[in-house]
Amino acid sequence: MDKVKVAVLGGSGYTGVELIKILLRHPGAEIVAITSRQDEHIADLHPSLLGRLDMRCEPFSPDALQAKGTQLAFGCLPHGNSMESIPPLLDRDIRVIDLSADYRLRDVNVYQEWYKEPHQDAKNLAHAVYGLPEIYGGRLAGAKLVANPGCYPQTAILGLAPLVANKLIELTGIIIDSKSGVSGAGRTPKLNVHFPECNESVSAYAVGTHRHTPEIEQALGDIAGEPVSVIFTPHLMPMDRGIFSTIYANPTRAVTESELVELYRGYFAGQSFVRVRTSLPATKDTVGTNFLDLCTKVVRGKVVVLAAEDNLIRGASGVAVQNFNRVFGFDERTGLM
Amino acid sequence: MDKVKVAVLGGSGYTGVELIKILLRHPGAEIVAITSRQDEHIADLHPSLLGRLDMRCEPFSPDALQAKGTQLAFGCLPHGNSMESIPPLLDRDIRVIDLSADYRLRDVNVYQEWYKEPHQDAKNLAHAVYGLPEIYGGRLAGAKLVANPGCYPQTAILGLAPLVANKLIELTGIIIDSKSGVSGAGRTPKLNVHFPECNESVSAYAVGTHRHTPEIEQALGDIAGEPVSVIFTPHLMPMDRGIFSTIYANPTRAVTESELVELYRGYFAGQSFVRVRTSLPATKDTVGTNFLDLCTKVVRGKVVVLAAEDNLIRGASGVAVQNFNRVFGFDERTGLM
Amino acid sequence: MDKVKVAVLGGSGYTGVELIKILLRHPGAEIVAITSRQDEHIADLHPSLLGRLDMRCEPFSPDALQAKGTQLAFGCLPHGNSMESIPPLLDRDIRVIDLSADYRLRDVNVYQEWYKEPHQDAKNLAHAVYGLPEIYGGRLAGAKLVANPGCYPQTAILGLAPLVANKLIELTGIIIDSKSGVSGAGRTPKLNVHFPECNESVSAYAVGTHRHTPEIEQALGDIAGEPVSVIFTPHLMPMDRGIFSTIYANPTRAVTESELVELYRGYFAGQSFVRVRTSLPATKDTVGTNFLDLCTKVVRGKVVVLAAEDNLIRGASGVAVQNFNRVFGFDERTGLM
Amino acid sequence: MDKVKVAVLGGSGYTGVELIKILLRHPGAEIVAITSRQDEHIADLHPSLLGRLDMRCEPFSPDALQAKGTQLAFGCLPHGNSMESIPPLLDRDIRVIDLSADYRLRDVNVYQEWYKEPHQDAKNLAHAVYGLPEIYGGRLAGAKLVANPGCYPQTAILGLAPLVANKLIELTGIIIDSKSGVSGAGRTPKLNVHFPECNESVSAYAVGTHRHTPEIEQALGDIAGEPVSVIFTPHLMPMDRGIFSTIYANPTRAVTESELVELYRGYFAGQSFVRVRTSLPATKDTVGTNFLDLCTKVVRGKVVVLAAEDNLIRGASGVAVQNFNRVFGFDERTGLM
């Protein structure tokens, strides 16, 4: 079988380079182009790619991508920018897996409320598939446009899905206390992620205002079949990568820990990348992998869910390849084990 | 005025060395002895003390401490060990500020439930003062035995005190999600705090079973005048020092953020070491100091309190000196600014 | 072609787990046994292996390994222990790639001098191949016993090989100033690698006495055809993995930087895993890979070589698989890209 | 005695905030002004100063500083900027301790060679005192302009001074391999010091071109009474603060380690802030202090000196206060213990 020709849009950031590394190992994908505003060899932007990929970044051009036979583009562009760049690709029959937030929220009003700008591409938004394979896997085969899920939301959605699906918890007031490594903030230097500022320090940010909130609520609402509301607090951790979410929910009836383990194991049976554990997870157990680790506890009548993942792989580029595999009919694990 | 002659019991750990450094700057204290089972020069145990303190550790001996004129001993011993060592000091009229957990819980049954061994010194427990100066300050002057508070509890108790005192929140189901640097785990090498294990990783531990839980509840119960119950989840952060607690509570009536700031500023008016902020705190802002930083938010109807401190200073040795200052009538800030 | 049946001896440490992860991706290898004194499931020792390898550790038994058809054993045992365990395997026609130091030094007197104990297996030492493929590659095909090289020595030997081979530098007084991440110290908790001790700190250790010194000198002597002597100073860096060596040598004649680049590119032409760079390397560029990055500078008449690698992969388990590939005739890069 | 009125020029960076913290503890200094282009409260720039200093930054104005009775200004400005700002202060009889590089190099040609711009203030350069108290202490009392020494140079100069003064080593080809924490790169966000870039990584930079080279050589030349030349290689370490220098020199005659210890102890006898050790130093032993730790070894005929300091305190703001103390006749240790 011929390899699928793929392009990476926006190759200069952290999700771009992770994606490239995974694709280089993928037997069914061939990178034909990497776009960037920085007109440089990809290995000059990311020296870790020296000797692994001999390719120069090119300016974004839908025609040039089409001319190269691109079948799918991974979008690693900033939100806002994505919804400008993607329509001309779709018009040329190039599929897209978009790692930005632009096609995640179905309701343009919710988008505008949280992103403070109007959505520009309601047409394609209408058919975009939210790419969380464990929940929306059935819609991924052959999808034209996949909205790759956010890093935090995956821990929250998968961490809560079995509870919400079974109405085992109250659907309001769910607390999601998340801790993320610094790579989640991107590669643009800023004071808050300047090494001597954030090293050896823990802080909260965007308390009550983080844009992943509506994304979490949309997916949990889908699972529940009714609205869900959460309090989501992200924190910055002094480490490169990894997200750990500690989730607190009020059960609707008394539950035991063994019952929860059974529930989670059943819910995720057959899923390649969700590990339901009885030991407490650590982000390090997941670093470099596409696994998301879950552990459930009952503490003084509350359900506590502990979720860990690598924010760049499971949280972004790994799940993007998992989606790619499902879109093109590869084994979901291809390139990811 | 003569300097107060003090001894440090258990000088080989992290709280011991922090205490020594603070005391070396304190104009009203003179270290007359450091005890340790390790028969070594203190600067061999802690090379940072080279050229700053020329003293050899000695075995613990109440008689020897008395012979040196010790007026107060800081106990940096493990729990269990403390309640064996402290009674003979009190019998010799040596005051004690105990940094262990042995005299923090007033109810010996609660002690036994959480520490899995019977309390051995109910007699002195009866008069021990819980050394959280902002709450129990009135009882500290002249105290014979001060139970220095735990590191996590201070963030939780002070973070919640104004709310609990005013019955502004429900007193059950309060969630305290705490993140601590590794020094909180002590200086004994173990696999979970071996550098390559915990570096670049975040994990939860002792979920639902951490011994600081009853300590938090006891103090909050004192403030509320009725029982308080909390869900406390500690996490290990890849950094040396610092605790960040994110606290979630259900208000009993609608509150605004500005109202909370005013409430907190009023409650802590005149306190030297509590900083009520409107900006989000970071542990780094407090490292090396005795300050505890607090910020309050209202998120979707919940009150969120963010608290940060240096776990070794504010969380242990700094507040111990703050207690020392109050016991002997020094300005509370002496040696701590 | 059938997969080669391999065993991992000593699976509880860091080189063991890295090796397992690489072998799981290797299309030509099948792990049939992992030995450890810890009678546990491998994923309990290393939670990162959850869902990736379902295997229980077993006690070391040459007969049991033979019964499982083991064709090659990777030895991840401590030195001393290795030379006891390996002879019975070789006697059973099980090949060995030994990651310990036991078969690296050809001269048993040198071994005794640096390791402070007599060598116990001179017989097999006589035919062991020092497994640095770029230098001794010709001897690896079909080798029975490969002494996998040390982490530091690879940076020094490959960093200096082109200079020494061409007698472009003086062969005495070469300075090798190396900086290593903490995983190089192994997985046994000790005070010097306890997180709060070594985090946020840089220190030197084993100054003038590190056992990698004779290993470096032996290989460089082979390349030079005459004795070489070095001053080797290892340092501990506050990071998980990575070695950076800064090497200073006196050229025997004036050299230019461009001449050195050409020399190095020529010397390593065709090598898969040595990247000769003109930009300054960083250990991060190599982390997670089997690459060793080299850059040469001329500073005030001295040659300065900068070398970077991942100490656990290129420095141990990756090069072990590179050796495995050469022993069994696989493409050298199999499982390593 | 009245306190000396001091100003801090350029309060927004790391040396500025460290200096402020030290001065707040200094019984003989009163901060009357902090200048910055950022028109903000100092605690908004540095939240760690909350509750410790209630002062707004002001634009730099020599007249305003004079009007406030400023007796001495600490210059924490970038080089180039310093030599523009300092002359008008000196003209108003305000003394200056300049933490920039502008007045360190006596020879304007050397300045131009390394800093790539002409020196603008030869007049004041002529009377500037290089503020390394252990070497130039005799010239500090009453000095009008002190050029505070660089962070790296102090480890190199003090590390080599006893050897150079006694002509115990060859004066050319001395190798100084230095490792620094990231705060040494300043507070301006840049890609190379962006957390996910430099965390968990070691790299060299400015190999052969670092501007501290001539500063080291000038001071060592003064001590030797003849030219000294060094090869200086700085490295970036993944930690906030600390410098570790490993220095290699060729002795002019055979020396023993015990002889070196004696030499160093004699040379630094009576110095408050140099600790000559027989144990290997670690930067952590010095963090938060003004101490510089030295240890000497003899390895295969070479002298190896190991030097450690806190780059922000001993390497900048601490030694600035040490200089301040000497200029105004305070005990050198005031505010620094």
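Here the chain labels run A, B, C and D in written order, and each chain numbers its own residues starting at 1.
By definition in this document, contacts are C-beta pairs under 8 Å (C-beta built on N, C-alpha and C of every residue); 3 or more make two chains touch, one makes a residue touch a chain.
A quick note: this is a predicted structure, and the numbers were derived from the prediction, not measured.
Q: Of the chain pairs B-C and C-D, which one is connected by the greater count of C-beta contacts?
A: Higher contact count goes to C-D.
Q: Which chain's centre, taken as the mean of its Cα atoms, is farthest from the centre of chain D?
A: Between chain D and every other chain, the largest centroid distance is to A.
Q: Measuring centre to centre with CA averages, how many angstrom lie between chain B and chain C?
A: Inter-chain centre distance comes to 46 Å.
Q: Based only on mean CA positions, could you tell me how far chain C sits from chain D in angstrom?
A: 40
Q: Can you tell me which residues of chain D touch two or more of the remaining chains?
A: As it turns out, chain D has residues touching two or more other chains at 181, 197-200, 238-241, 281-282, 284, 287.
Q: Using the touch definition from the top, list the residues of chain D that touch chain B in their complex.
A: 24-25, 44, 47-48, 50-52, 200, 275, 277, 279, 281-282, 284-289, 291, 293, 337
Q: Which of the residues in chain C come into contact with chain D in the complex?
A: Interface residues on chain C, with respect to chain D: 173, 175, 177, 179, 181, 197-205, 207-208, 229, 231, 233, 235, 237-242, 244, 246, 248, 250, 280-284, 287, 297-302, 304, 306, 308.
Q: Which of the residues in chain B come into contact with chain C in the complex?
A: The touching residues are 14, 181-183, 187-191, 193-200, 238-241.
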